[in-house]
Amino acid sequence: MALIIDWLVQGFQMLLVLALCPLLIGFVRKVKARLLRRRGASVLQPYRDLRRLLLKEVVLAESASWLFRVVPYLVFSAVWVAAALVPTFASGLAFNWTADLIAIVALLGSARFFLALAGLDVGASFGGIGSSREMMIASLAEPAMLMMVFTLSLLAGTTQLSSVAQYLLTDGVGLRVSLLLAMLALFIVAIAENGRIPVDNPATHLELTMVHEAMVLEYSGRHLALIELAAALKLTLYLSLLACVFTPWGMAEAQAGWSAYLLGLLAYLAKLAVGGFLLAVFETGIAKMRVFRVDEFLGAALMLGLLGILLLFVSRSL
Amino acid sequence: MPLYWFLGPLAGLLGVGCYALVGSRRPRSDAIVYGISFLCSVLALGASLTHLLTAPAASTLTLPLGLPWSGVHLRVDALSAFFLVIVNLGGAVTSWYGLGHGRHEQAPERVLPFFPAFLAAMNLVLLADDAFTFLLTWEFMSLMSWALVMAHHRQAGNAHAGYVYLLMAGMGTMALLLAFGVLAGADGGYHFADMRAGLLSQQAAALVLVLTLVGAGSKAGLFPLHVWLPLAHPAAPSHVSALMSGVMTKVAVYGFMRIVFDLLGEPAWWWGAVVLALGAVTAVLGVLYALMQHDLKRLLAYHTVENIGIIFIGLGLALAFQANYLNDGAALALSAALFHVFNHSLFKSLLFLGSGSVLSATGERDMERLGGLIHRMPWTALAFLIGSAAISALPPLNGFVSEWLTFQAILISPELPQWLLKFLVPAVGAALALSAALAGACFVKAFGITFLGRPRTPAAAQAEETDTRSLTALFVLAALCVLAGILPGLVIDALAPVVASLNGAVRLAAQASQPWLTLVPLAEAKNSYNGMLVLLFIVFSGFLSALLIHRLASRDARRGSAWDCGFPDDNPAGQYTAGSFAQPIRRMFGSVVFQARERVDMPAPGDLRPARMTVSLRDPAWDYGYLPLIQVVNTVAGRLNHLQFLTVRRYLTLVFSALILLLLGLAIWR
Amino acid sequence: MYGLVFDIAHMLAGGMVVVSFLLLYQDRLYALLNTYALHALLLALVVSWQAYSHDAPHLYVTAGIALIFKAIIIPVVLHRIIQRLGIQRTIEQVLGVGLNMLVGVLLVALAIIVMLPVTAASEALVREDLIFALSIVLLGLLMMITRRNAVSQVVGFMSMENGLVLAAVGASGMPLVVEISIAFSVLIALIVIGIFLFRIRERFDTVDVQAMDAFRGERP
Amino acid sequence: MNGSTVVAALLLIPLSAAVLLVLLPGYRVAARLNVVATLLTLLSAITLFHVRPPANLYLLVDDFNIYLIVLNTWVGFTTSVFSASYIGHELATGRLTPVYLRFYHAMYQGLMFAMNLALLANNIGLLWVAIELATLTTVMMVGIYRTHEALEAAWKYFILGSVGIALALFGTILVYLAAQPVVGQGLPAMAWHILLPQASAFDPALLNLAFVFLLLGYGTKVGLAPLHAWLPDAHAEGPTPISAVLSGLLLNVALYAVLRFKMLMSANPAAVAPGPLMVSMGLVSLVFAAFMLYQRRDIKRLFAYSSIEHMGIITFAFGMGGPLANFAGLLHMTLHSLTKSAIFFAVGHVAQIKGTQKISDIRGLTVTHPALGWGLLLGVVAIAGLPPMGIFVSEFLLVTSTFAREPLLALPLVLGLLLALGALLLRVQGLAFGEPIGSTAPGQASYLPLFAHLGLVLIAGIWLPGPLVSWFTHVAALLG
């Protein structure tokens, strides 16, 4: 029975993030529009967009190969699997043990790897720009993310996300500089990885600075829909991760019962909303930076992560 | 007894090498040579696998050859059996590949005699149980591979490559000679058993470590001793490159492990720090070098440097743990290193073989002149893609598992008491993470520019898919990459005897009994990974989404010209190139590490010259290490050379001075 | 009687050293050759005296070689070669005469310092002979390296060789001295012929060794 | 056949052949006679293994020299075979006239005689005379082409060699003086087999002085830096068979003389150890020659410098002493003479085919002349101390044992070895590989001597025959 509940919870979480992610995007857009004193589209607009894209036919470039057609599915499923491993409203997921934080980072890396390849596949210049810059950003963002992972796992003694969350929830770690630094690092990485301002601008095309949108420029129809969905999933994943690790309050423990689950769900939704709101505020308040400033931005994240680890040693040995 | 199982294949390899000395110009001689090499490798592979899996006691054999008073000692134990598996697996696959690929060889008489001899030499290094045999075969291995590097001696640069290679190999051998000198003592206890039994002072042991790092490290490609590697590996015929990069560097790792972990006794804690630091520097610089390359095979060769760095990070961790009697941690680190050894031999061989197919199909190694090969060579592309993903440490493939294990070993570093290590290990972790991320970029570039996009030259446009034998070899390796990635527990269990033999009988817990074949190196609460489930999930959700979308939404597709924001450009030169792909990273890292300078030559309006951008890179290892050294040698040689042009009178003066000096010495000495 | 034997041997051997200095001093070739003849004559006397005093008749052969071959034939032949080559006026010291002498004195001192302690067990005559012989050898070498002219170098070598014969004779009872001196004479004869040959073939404009070395087989 | 006949044969065959060859016109017959004579000498040398004559006051066959005699006659034989296929070309190109060829063959046998005598001599005076004779014969052969360069090389060799010989004589006299109070006057005081057992009673101070002179004197013949100056030119300008014999044999014979005296020194505990002297001279020669290799433009001079380098190594090994290092030294001595003569064989053919000795004018040999190119390459691989060739064995023993005993001495040793490796490789790669230039005419010469030598060196790298090993170990013990 417990097993079945665990499986159910796991399945529900997977579907939940899938269902919620366009909403999150819509929410962020709405908030941004409001902050700019526009009315903005409905928060449900992303769902409509997805539906429209899914029903359209695909136009493939003549030079596109089989890889180009496979990549959207690959990217989507890799991100989805990664997202499924991040606890949202309840910890102790059924398949938690299949992959830990490092594996989640690497799964996202897989998605990016293939997306970048797809960007090169058609042989048009914009795809190349996108891929090249995406990999440049990733080459700094990924280590920074891993540094954050190191801080957490050195603190909690595990790289298992549920256990980390559990540890932070129960053991009363208290406020730690290292954690703060790790959170900053993760935030910066999240901005970069999701192509948000100031690293990238998800709302524009045809800017010399664009990264993610350039990479997927040749996609259309259902392929584009999958990629957009994967992007939305990724944003949700990062926000969930931030929520799960740094604000684990309200998260249900394994087999905690329906009320706890419900409470956890509400808490999770609230956290996502707050996160989305803050993201929108941050994006509105800041200007897009030049591409070759990005390395400084991300390098800072890497250094913050490393500093977090070192400070951890100091505070531990005191 | 099982040693005899190796002697047969070895004799076969050497015999067929001798046959090729005289018969390599005959028709079908390549089939004979590669066929017999393949058979011998498979036999030896079987023998070594059996030894590794059944883990019997070490078996020894002494042949009345070599040094007269000791003879040639051979021995196979868990460590050598593991590396024998790698060597013979590589040997079997490359021989099979050679069966197909060998037809393209223009100078078979320069390849066929040395190829089996090279395989035999690598086997012999692993079997050697005394210093003499070890070094004899070690240097013989260098010599044979040098001969293979020189096979295409008329191509520009290959002579330089061969020269640098053999010289560095000679230097490495000298360092090992000195190391064995210390281990053997003045009375010449060259047998490894004597060395194991001998006790060395701290200083002597440290000396051995440093010398071994130089000796084995130069062969493996540790920074800054790697300079020969990116020159020599690409110069050889591709299947030999695969052997050199995928297998011979592992033999070097074996040499390091044999001496440092087996013969040298208990390590001091700072050994780990030295090895770790070297490994980290090597890993990061190796991948940065690789990113700057346009030559596909050279890129792969530089990437070997990176992977060697990763392996040495694992070994350094193991040393640090062992020095502090944390043998569980050491077991983890050792397993990670050995796993990576195995992985790298798989995917690097795969990639080099793939590049060989590209080379023989197009005649090009320069990525800027390739492109679009996925259309003409879909199978090669698929295998190369799997290799690229594996080497970029993407789950669920094998490269990720060994990196994951290394990370796990890094994460238990707080148990280390020394402060230097406490601080060093996370920094090494950052370096490892950085190099992993850069590796991803590097292989997006390698695969993307070579196989994707549109062909940049007619040669690339008219490439033909390679032959089936070569493809089989590629897919065997690709399949092994996938298998090792989804069933890592089995590999870890196979490695366990090796780890136990080097680590005071401490090994990782048996993995095969874990539910769902999950990899749980320490405890489930700490960390676990299941590549098989990850693969299943991805495949499942991928198929599910595809199915749903095709059923419920649209499944129409139409071909049209590329959108490219409305300005499609038919000229394939307008695509992103290898150089432009690497430009952001070059700007980020290259300007510091390689003093990268971009120079744009923009003609004035009205001038019809094409605009050009040139990039200049400086190699710090050459600039600060080797070039000054060469300068010194040349200067001294030039100065001394005046002595060739003296008059007889001045020569007599030399004799006279020597005489007076000695007489004075004698007078004073008394 | 012993005193007289010793004194005469001492005088003669010491005389050879003095003549060696004279050789060093000479800067004209003819004078050099004459001095060398004197050197060889003294050697012949030393050897004869040794043969007589030690009752070793075979040494007379050596003495004869020294007298006839070295003191007469060689100087005459070299004389003629010099004449042919027209280099009799050549003055070719590398060091100044004074400096040369000073170095020579130092070499003799070195010979004494080196030889005296090691021969403590031998009889006085042997000790002296050896010291003188070593001095002569060293002075001969010095001469070879301070002269630029091949003929004077050869003379230096020959004086050196005289010193060696002196040592061999002085080492009482040493067998094969005759054979050795014959072998040496052959060597010298060949050297002299060599100079002659080179000239006759007109391979070299001068026998100055420096000019010979114009050959730079290795220069690009 | 008893031992004395054999010894007599060893000396008389070359001597009478020399006389005969002076008289014999027609170079083909002469060349064959030359081969036959050296073969007979070789055969009689081999019979020495079975019948060993007792030592008399002039001649001696003992454990130390027997193998060197066999080696000497063997290389003498192979070189004569090589010479037979080599020298006709010189006649054809007019570098040699028939008269000089007669002279050449006679001198060849004269040299064989002198070297055999030097090795067999039981008398330090006789040894000296024999080495002087060897010097004279080689001087003449070096100058045989009578070019400007050859004559200068001969002259240089002559003067430096004579000075060396003179110094050696002084040392010989001193040794006699040291022995005379103990052994008594006369021949016994010059005989090895009498000197050696009583060496401990000799005056050590006198021995020390004697050794200085002997080392410098015979060291000049060995070619140790800074006494080496004659060697490169003599090798480069003479006929190649002579270069082979010079490098392969004469240097060994001179070194043999030094070693004999070293045995005396080692037998006397009060004497200054000869080791440091030999070690330092060896190292200086090694490192110096290694640097000199880099700027060489003449192929024969290149390998001549390599001979200096190897003589340095061998001298260093004997200077280190001890069973391992002495063993290494003896092995190295043997293998170096085999390898270096093989290299000169190859070089001789190359120079004939290409008509030049300039390294930059020879390229791509493995393409145009596979046997020759690979043979030369193999020879250089061997001489550079790379396995599986035999010199690796001696270098292995030497480097490891030295580093274990005297780490600081091993560093210059290793440095020198590496420098030499670098230089030799640089040159041989250019010679053997690349786009061929120059004549591609097939070589007509016999490659048998070349590959016979290389085969022996290869075998030695993998397996050393028992008798040889026991000889080496025995002599190594004698050398102290």
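Observations on the structure shown:
Lettered A, B, C and D in written order, each chain numbered from 1.
Note that in this section a residue touches a chain if its C-beta (ideal position, glycine included) is under 8 Å from a C-beta of that chain, and two chains touch if they have at least 3 such contacts.
This is a predicted model, so every value here is computed, not measured.
When the C-beta contacts at B-D and at B-C are tallied, the pair with the greater total is B-D. Seen from the C-alpha centroid of chain B, the farthest chain centroid is that of C. In this assembly, the C-alpha centroid of chain B lies 43 Å from the C-alpha centroid of chain D. Computed centre separation for the pair chain B/chain C is 68 angstrom, with centres defined by C-alpha atoms. Chain A and chain D have Cα centroids separated by 78 Å.
Chain A and chain C have CA centres that are 99 Å apart.
Residue positions of chain B touching 2 or more other chains, listed in rising order: 641, 644, 646, 648, 652, 655, 659, 663, 666, 670. Multi-chain contact residues, meaning those touching two or more other chains, occur in chain C at positions 114, 117, 141, 144, 153, 212-213, 218. Pairwise chain contacts present here: A-B, B-C, B-D, C-D [touch as defined]. In the complex of the two chains, the chain B residues touching chain C come out as 641, 644-650, 652-653, 655-656, 659-660, 663-664, 666-667, 670. Within the complex formed with chain B, the chain C residues making contact are 94, 107, 110, 113-114, 117, 138, 141-142, 144-145, 147-148, 153, 209-210, 212-213, 216, 218-219. The part of chain D that touches chain B in the complex is made up of residues 155-156, 159-160, 163-164, 167, 205, 208-209, 212-213, 215-216, 220, 226-227, 229-230, 232, 272, 277, 288, 291-295, 322, 324, 366, 370, 381, 384, 386-388, 392-393, 395-397, 399-405, 407, 410, 414, 417-419, 421-422, 425-426, 429-430, 433-435, 461-464, 466, 469. Listing the residues of chain B that touch chain A in their complex gives 371-372, 374-375, 378, 381, 385, 389, 392-395, 400, 404, 407-408, 410-411, 414, 422-423, 426-427, 429-430, 433-434, 436-438, 440-441, 443-445, 447-449, 452-454, 516, 518, 520, 524-530, 533-534, 537-543, 545-546, 549, 553-554, 556-565, 568-569, 572, 574-576, 580-585, 587-588.
Within the complex, the chain A residues that touch chain B are 54-67, 69, 73-74, 76-78, 80-81, 84, 95, 97-100, 102-103, 106-107, 109-110, 112-113, 116-117, 119-129, 131-133, 135-136, 138-143, 146-147, 150, 153-154, 157-160, 163, 205-206, 217-218, 220-222, 225-226, 291-292, 295, 302, 305-306, 309-310, 313, 316.
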